[in-house]
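Each of the next two complexes has subunit A plus one more chain, namely subunit B in the first and subunit C in the second.
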Partner chain A sequence: MTNTLKTFTPLAWRNLWRNPRRTVITLIVVSIGLWSVLFFNSFLNAWMQASKDATLSLLIGQGQIHAPGYLDDPSIEALMPPPSGKLLAALNDPRISNWVARLQLPGVVESEYKTLPINIMGVDPEAEKHISSIPGKVVEGHYLTSTSDAGVVIGLHLAERLKTGLGRRVILMSQNTEGKLSEQSFDVIGLFDADQATEDYYAFTGIKAAQQYVGLKNQIAQIAFAIPVEENLDPVLSKLKQAAPDLDIRSWKELSVYLATSDSFMKGFIYVWLAVVFSLMAIGIVNTQLMAVFERTHEFGLLRALGMKSRRVLLLVTLESTFLIGFGVLLGMLLSGLSIYALSGGIDLSGFAAGLEMAQGGQVLFPKLDPVAFLVFSLLVWLLGILVALWPARRASRLSPVEAMRYAS
Partner chain B sequence: MKTPNVTCRGVGKVFGKGELAVKALVDVDLDIMPGDFATLAGPSGSGKTTLLNMVGALDTPTSGEVTIEGQPLGKLNKSELSDLRLNRIGFVFQAYNLIPVLSARENIEFVMELQGIPANERKTRAQQVLAEVGLKGLDNRRPSELSGGQQQRVAIARALVSRPSIVLADEPTANLDSKTTSELVALMYRLNQELGITFLIGTHDPRVMEHSRRHIELLDGRIASDTKI
Partner chain C sequence: MIRLSRTVNHNAVKPGRWLGALVLLLVTAIAPAASAQDARAILQSAFDNWRAHSSHAVVEMLVKRASGNRSMTMESWTEGDDKALVRFTAPARDAGNATLQLGSATYVFNPKLNQVIKLPASAMSQSWMGSDFSYDDLSRSQKVVDDYTHKLIGTKTNDGKTVHVIESIPKPGKPIVWGKQVISVRSDGVLTEIEYFDQLGKRVRAMTADKIGTLGGRPYPIVMTMRTDAKPGQFTRVTTTAAQFDIKVPSYTFTKSNLQNPR
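After this line comes the complex of A and B, so read on.
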């Protein structure tokens, strides 16, 4: 076999260049096809990463812990104590970069003009700065300064709807521990600029101020945590569930179903794209290889007449396809690597901010080269290319010497 | 008594079926003996190429049997027939039929590579046989850089290098001018005389027939005459 390959390799290589135009066209088809798959994969990954970064960093984090039943009925009766013991130890796992405890209560906000539904969020401002992007999104006034800060930070759009603004007062109403409505006026100390849903439905105040306002001691509604490495998500969740089996511990995939669905759709979509691109490539490969075989029918007849066995003809033509598609794949990898590198500094899509907000997309995408996907998709295209090229090769190998030699060369 | 290189017994070949059937060969009996320099002549359509294809194990007869060195071809499978063509039969075609991407020496070495002969021996034998056919120094030229006569010499060298028991040539001089034809025929005749290689040449070129020591005439698929000269 080694000797046969030694013999056929230079022959196959020279045969490729008998019709340089056809060879170059096939190289272009394969390389552009592979480039589109690799670049698109990188773009989609960047898109999803930006979407996840944008959405999860607002409030969700990579996961949250609640008291059982809270997510179905987020009332003051379904709260939990702050973390301690095993749960606290598990939250201090080095794979969790940060975590925060929050009090989240359903309520209403009232201005002189309007009353609107709201989620009252009691937060620890210092801890929030390490896990949430909201403190950095304050565009007017300032963020909360302490857990006892009794000011309120609301979204720009909510302020507009309430016809209120910085320095004015609003009234927050929510059910207290006695089952009655607590109402208290809060100074608007900051306005934040985020997506419209967050702007409209969240008002932030200090956690101690919020607990005091509804008569709580130290109970909280949620713990949000950040896990920077995606692969660590499942093992950390398991560890947390072991530490607090009675609590409701969920990953972002369960908390933000839209984002999780988009993520899995995007991951699946690349295979659909690969199938579409490869089908087009396969048509090109089979066409050009069939033409190459057809043009050389006489020569294959000669080779068979000289005593070359049909499996060796098959090997020769397959070797030609292997080289041809292999070089196309290398070229495609090079093109993709260069274009991903060229755009790795970021693709700014802020011009489409409104549309991106609707699709929960990030505004700046950072395409990255994923070495595993890079190699797997390239290898897949190469192997599938060789597989489809077996058809013309098989046709060449099955030619009868006498009939093949009747063809004019 | 010598054993024939090739034996044909009752060989017939019919192309097509029913009313469209054409009898290309009818009941051909023929022995080609070692050292023969035989010409196979006859008008177009008389069955020369068909008979050469049968003898060359390129095609199978509809009836009868072809035997090469005592081996009946009908009992061999496709792979064994390929081996037989590779090792026992040399072919020279009208249109030279060299592999265009290989040089003269590589064209000759290619057959030996298929036979599994080591590289050193291949090179030596290829250079030797190129010298024998008068192409010394043209080893590295591609077919497109050689004249018609030179290409046909390479084809003869390729046919000889596998040390076949018989060389079958189908109209080998049809595309050549008279001077080149004379040189080529003289070359084949010399190889026959000096190396004892058996030639069966399908032709209707009188310059080839002049050197023939056995003349077989085909007419309508039958052997009309078989004359030793």
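After this line comes the complex of A and C, so read on.
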């Protein structure tokens, strides 16, 4: 076998270059196909990462803690005290980069022209700056300055719907601790620019101001925390659950089912793309190889007549495909590696900002080379390529020597 | 002044309050007010008077829209400043619909659903029976005078009588969306116009007395129209056809059971 390979390897290699044009065409098909898979994969991952980061850093964080029942019925009756003791210690774990306590209450906001439903968010502005991107998205006016700041920061789109603006007052209404309606006027001190749903959904004010407004002492509705390293999510979550078994502790995957679903969809989508691209590649490979075998009928007949066994003919043609596709795969890897490297500084999509806002995507994508996917996809394309090339090889090996010799090319 | 205006709107629909206020205005505001204190006094006494009276009236409401006009007839009862019942009697489509205001709570009865619904706060600013009035306009009669500072800003003439124009600005921190209200009170105590302004000073809507006559023995704005500036061509006109004042209203009138099953 080793001897056979030693003989056949140079033979196959030279055979490839007997018809350089055909070989180059196949190389191009394979390398472009693989390049599209590898590059698309890294682009999709970058897209997913960017939109995940953008969504999670908005408000969600990597996970949140609520009192049991709050997420089903976010009312003033389902609150919890600020973290203390074991939970506080667990939250100060070094794997948690930041955490914030918030008071989130459903209510309505009223202007001269309109009354709209809203979520009143009492926040600690200093802590919020480290975990949420909203303080940095204030485009008019300024963000809250302290926990007892009784101004309100609302979204641009909400302000437009309310026909209100900076420096004007709106009335916030929400149920208070006595079960009655609290209404208070708040001055609009800032407008933020985020995706439309967020702009319409939240009105931010100081947490102490919010607590006072509905008659609470220090209760909170929500703790959001950030865990920068993805792998730490599960261990930290179980540690938190141990520290506070009575509370409802969830990761972003449970909090934002849409995001988690699209995350797994994107991961599966690359295989769909792979299948499509590979089908096209297979057609290209089979077509050119069949053509090659057809043209070389006379040659195969001669080889057989000289005593070469049909298995050897099969091996020879398969070896040719192995080199050809392998070379194409290498070229594809090189191409995609180069293009990912060239774009690793970030793809700025801010030109499509309006569309991206709807999809809650990030505006700058950073494609990264994922070594495992890189090798797996390349190997897969190579092996599948060899597999489909077995068909023309089999045809070559099945030729009858006499008929093949007579065949005039 | 918003609250007064709301009150006043309320009265427009429920003439009892109107009349109560107007009677008092008539009695207390004969001498034209000339200063801020007087401006406040006029409104204050109107408000106080209102509180002490009861009424029963028949009112027609015309809602003008681009798609056509809608006319409704209703009967209303009021007592004090926190009890009111309005029941529609015509046309057949709307007959039986009723709104009960008890303190700060507002209940709505729909005969088709045969159900009494307590309105959530978020619904209070929605349109009442498709008109230019909101449920808020019907309720919130209290603290009217207290939440605003009032100033006499001028006079004009109406039907040969002097009309005092009062500018009312919400006190800081009060939960009031309006920038200001401008209220015109005729020297005989009839409110002739209430204008609502947003916080930039742009007028949002206005209610005007189109016809002032005598009803139940008092000068009274018989026809009042509410217009929203952003919707030209639309308005709601309220015409009071009959009214009695300071009558004894049975105590069962202002109950949920009476709302659902009128006696």
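Convention: the second predicted complex is superposed on the first by the 406 of 409 C-alpha atoms of A that agree within 3 Å, B and C clash if a C-alpha of one lies under 4 Å from a C-alpha of the other, contacts with A are read in each partner's own complex, and residues count from 1 in each chain.
Everything that follows uses one rule, which is that a residue touches a chain if its C-beta (ideal position, glycine included) is under 8 Å from a C-beta of that chain, and two chains touch if they have at least 3 such contacts.
Bear in mind that the values here come from a model prediction, so they are computed numbers and not experimental data.
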One more residue to check, A:18. First (subunit B), second (subunit C), both or neither? first
Of the two partner chains, subunit B (first) and subunit C (second), which one does A:185 touch, if any: first, second, both, or neither? second
Is A:402 in contact with subunit B, with subunit C, with both, or with neither (first, second, both, neither)? first
In the overlaid three-chain picture, which partner chain does A:260 touch, first (subunit B) or second (subunit C), both, or neither? neither
Let me test your reading of the model: by the given contact rule, A:312 touches which partner, first (subunit B), second (subunit C), both or neither? first
Once the structures are superposed on A, label A:168 by its partner contacts, choosing first (subunit B), second (subunit C), both or neither. second
Shared contact residues on subunit A for subunit B and subunit C? none
Quick check on the complex: what are the subunit A residues that touch subunit C? 108, 110-115, 117, 163-164, 168-171, 173, 181, 183-185
Any idea which subunit A residues touch subunit B in the complex? 3, 7, 11, 14-15, 18, 298-299, 302-310, 312, 401-402, 405, 409
So in the complex, the part of subunit B that touches subunit A is made up of which residues? 53, 56, 58-59, 78-79, 82-87, 89, 91, 93, 95, 97, 99-102, 110-111, 113-114, 116, 158, 162
Applying the document's contact rule, which stretches of subunit C touch subunit A when the two form their complex? 104, 121-122, 124-126, 173-179, 196, 198-200, 204, 230
